[in-house]
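Both of the next two complexes hold chain A, though its partner changes from chain B to chain C.
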Partner chain A sequence: MLWKNTRNEWIKITSKIRSYLGIGALTVLVVVVQVALKADGGSFISYVTASFEQTLSFNGKILNGNLVAFIVLQMLIVHVPLLIALVTGDLLSGEEAAGTIRMLATKPISRTQIVLSKWIAAALYTFVMTAWLAFLSLVVGKFIFGEGDLIVLNSSGLNIIASDDLPWRFALSMLIAFLALLTVSTLSLCFSAFAKNSVGPIVATMAVIILFTIIGTLDVTVFDAIKPYMFTTHMAAWRSVFEVPLPWDAVWESIVVLLVHIVVLLGITILRFNKKDITS
Partner chain B sequence: MALISVSNLSKSFGNFKAVKNVSFEVREGDVFGFLGPNGAGKSTTIRCLLSLIKPSGGEIEFFNQNLASNRNAVLSKVGCIIEKPDFYKYLSAYKNLEIFGRISGKDLSKMEIYKFLDFVGLTGREKDKVSGFSHGMKQRLGIAQTLMHDPDIIILDEPTTGLDPQGIIEVRNLILRLRDEQNKTVLLSSHQLSEIEIIANRMVIINKGETIVEGSVQELLEKQSLNLQINVMNESIFESTLLQSFPELKYHKVYPHNYHVEMVSDTSAQLNEKLVNAGAGVKSIVPKRSLEDFFIKMTEK
Partner chain C sequence: MILRLSLFVFLALAHANFAQTSEELLKGVILKINSVKDYKADISIKAEIPFVKVPIAKATLYFKQKDKFKVVSKGIAILPKQGISDLTSFLSNESKYTSLLGDSKTIGDIKTKLVTVIPNGENNEIILAKVYIDPTESLIYRTVLTTKESGTVTVDYTYGQNKKYGLPNKMTFSVDVKKFKMPKSVASDIRNSEKKTKDKKENKGVITITVIGYEVNKGISDDTFKKD
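For the complex of A and B:
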């Protein structure tokens, strides 16, 4: 019954216009960034490399598909959660608002299975969004800008990664990005179990992300104890994959924290939905 | 055999007791009327029966199985419409039935889904989105949805609410067909009391969350006095005939030329004959015995 209802949930997601809004918006955003970089990428690169020009000499094709993919991911990974929450925040509360939850909850399928099937469908949608983002940024980026080594400036300094060392790093970074976005999906699904309309969960999800991000960037010692456990701290963990050497401990820690968030939030959702009196 | 057995069911929302020790039985083959004024606790009781709401106390059994511990097995044999059937408006009628059929415990072929749509008179509208359906069409689609997994019991909560007269007749006829053609046991909650009188064979009345009375509709009605609304041309002949020939009857004038007569047993034919022979000028005699009177009496207690 779980898989039958998962199939139903996927049909529902793919039949709603709002599900395509996210994919459409993502496509437009990526294309706009790529067109802008194609038109004036040189200035952008000069601005970034200006501080190193006295000590380093840059040769070769710095503005390539890999760098464009990295820039696109960095720009958009913050906005994609909103596009995902638009769909996943509606999964339970939307049924409540439309009244279809009554029809669904009187069928011979347990409430736990209803939540799980919705979560699996949400995970699938999140994966599709992540994969689409990867395709647009990497495949289309390489098609437009060509292949080349990746120069990244991050916490460990300036890293130059050979192009043949990049495919697995992009794959791993996408996997971590997927886990981060799945945490957002699960959070909005959780809020959805407490709400009676879809606006509340979407706004609440974004509010939490913004609040946690602000806390994460505030250099105040009182928050230091909780920062390592906030999922927003680990949402940018995909960037660590482009450090040399790769900080495996930090990567694993991020993966574990995100997985724990997913499990706990899903547990709260199941508990809440099982206890809920459906009176709408 | 009791297909549904409810014993001392109660449900509280905070300090408010919506249902207090409600008990009743629905037997195989019944069209069971579930009556009560607005706010009596009907919808809460029905939601408890369908596990939408967790009861605060009492027992619910379907097919001699406890609902709480056999939820999925029980619900696989129950079809229902709660208040109004809400569907996924962005999907077609066919797709909605396919989706609900898939989780009702029976995989249906395309032909079977078309058969159910035909049963409720929606042939030709299969591929139309539900967003364009009228309330009556949604109600009929709701009935198709309840039948897909061939349930033994169908629970309908206020199925005619919001329908126009034509829609009410259509839904009423569908309920009768469920009983007559498909041998379904139906639990029907309604505030259309006249409808219950026409359709149901047994009923329970609840008020303020408590059971008032349960029994056969026929027997409960027979306990009631028969009221007649009589319209005559000659008031003095009418009153003198009643005094002379039927001194046991109570009557009062409702408005000029119109009388309300209360009978213990049905002697309306003899009364009519006497009045006509006496020249009272009988224009109409309308029997008024109905659940309306019974219901009002019961809930006023």
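For the complex of A and C:
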């Protein structure tokens, strides 16, 4: 029954126009970035290598599909949560706003299973968005710019990673990005359980992300104690996969923090929905 | 009588050897350089540079007289800006510099003579070059280049099968690496607070080029040096 209901939820998601807005916006954004880099990628490269160019010369194809994919991911991973929250923030509150929630509650399925089926459908949508982002940035990027080593600038300096060492790194980074986005989906679903319209959960989700991101970037010691537990701190953990050597401890910590957030938020959603007085 | 004559010949040769002027030492080197019309070399590049982590890169190096030079690599290869081909092309034009003979120095187990080269013009990238030459084989074993843009570059040479052409099979570059200026957009790394590297002090980087194989004077088309 859970899977049957999940299938129904998936059909509901795919039948809404707003579900395709995210995919469309993502496609346009990635294409714009790729066209811009094709036209003027050289200036971006000199921005990365500027500190070393007086003494060293960088030979080889620096602007390649892997670098473009990395740039695209870095630019867009911040904006994708909004596109996902647009859909997942509507899953429970949308039923209430449309008046279909009573009909849903009369089905021979527990309320917990209703929430779980909606969450699985939300996870599937999040996965599709992540996979689409990966396809556009990596596959299309490599088709346009070709293969090559990846040059990454981070706080420890420049890391150059050989192209044959990259597929598993991109796969792991996308997995972590998926977990980060699933946390956002679960958060918006959780807000959705408390709201009676779709706008509230979407705005609340974005407000939380913006607030936590600002707290995370503020260099104030008061927030140091809470920063490691905020999910927004770990949303950028996918970048750590491109460090040499890979900081496994930090990556595992981020995965655990994100998973804990997902479980807790899903638990709150189930509790709330089970106790909800469905009258309309 | 024969003994006296032998002693005379030996002393005369020894004197001739030790009395080589800086110009003669450089001429011997230039003769070897000029015997190479072109070469193609498969190389491996190991770069140990502060703030840069890079795997060992494989590349092909093309050279054609007088100053055509190109590096082709499948991946990203980091090379020093100065010291690969610019010194030899600079030395080839004797009217452009003044040389002075300096002290002797043993590098490894090779006795070398120091020749200090000062450019005559004021617009040269190389400000001063200290060249340590083995007078018996006319081979450069070390160069210390002081440059306008790239600071000081020290290059140590090791020779193998292509000694007769003056082509080394290993070059070790020691380069100045300036302060690493981290762009602000990168400063918001996830664990930024744990490893702040905003103002790292100046340091030395070492780049080792090992030649896997040479193809000397086999002819290289000018098209090879065209920009991609």
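The criterion applied here is as follows: the second predicted complex is superposed on the first by the 279 of 280 C-alpha atoms of A that agree within 3 Å, B and C clash if a C-alpha of one lies under 4 Å from a C-alpha of the other, contacts with A are read in each partner's own complex, and residues count from 1 in each chain.
Simple rule for what comes next: contacts are C-beta pairs under 8 Å (C-beta built on N, C-alpha and C of every residue); 3 or more make two chains touch, one makes a residue touch a chain.
No experiment lies behind these values; they were computed from the predicted model shown.
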Next item on the list: Once the structures are superposed on A, label A:148 by its partner contacts, choosing first (chain B), second (chain C), both or neither.
Entry: second
Note to self: Which partner chains sit in contact with A:7 here, chain B, chain C, both or neither? Use first/second/both/neither.
What the structure shows: first
Next item on the list: Figure out whether A:180 sits in contact with chain B (first) or chain C (second), or with both, or with neither.
Entry: neither
Note to self: Tell me which touches more residues of chain A here: chain C or chain B.
What the structure shows: C
Check: Taking the superposition as given, does A:134 touch the first partner, chain B, the second, chain C, both, or neither?
Finding: neither
Margin query: Contact-wise, after the overlay, does A:15 reach chain B, chain C, both or neither (first, second, both, neither)?
Written below: first
Check: Who does A:157 touch here: chain B (first), chain C (second), both, or neither?
Finding: second
Check: Touching A:99, do we find chain B (first), chain C (second), both, or neither?
Finding: first
Next item on the list: Identify the overlap between the chain B-contacting and the chain C-contacting residues of chain A.
Entry: none
Note to self: For the complex, give me every residue of chain A touching chain B.
What the structure shows: 1, 4-5, 7-8, 11-12, 15-17, 98-100, 102-110, 275, 277-279
Margin query: Quick check: in the complex, which residue numbers of chain B touch chain A?
Written below: 13, 47, 50-54, 71-76, 78, 80, 82-91, 95, 99-100, 102-105, 145
Checklist line | In the complex, chain C residues that touch chain A | finding: 49-55, 57, 59, 71-81, 149-151, 175-183, 186-193, 195-197, 205
Notebook entry, point to check: Where on chain A does chain C make contact in their complex?
Noted result: 47-48, 50-62, 148-149, 151, 153-163, 165, 217, 219, 224, 233-234, 236-237, 239-240, 244, 247, 250, 254
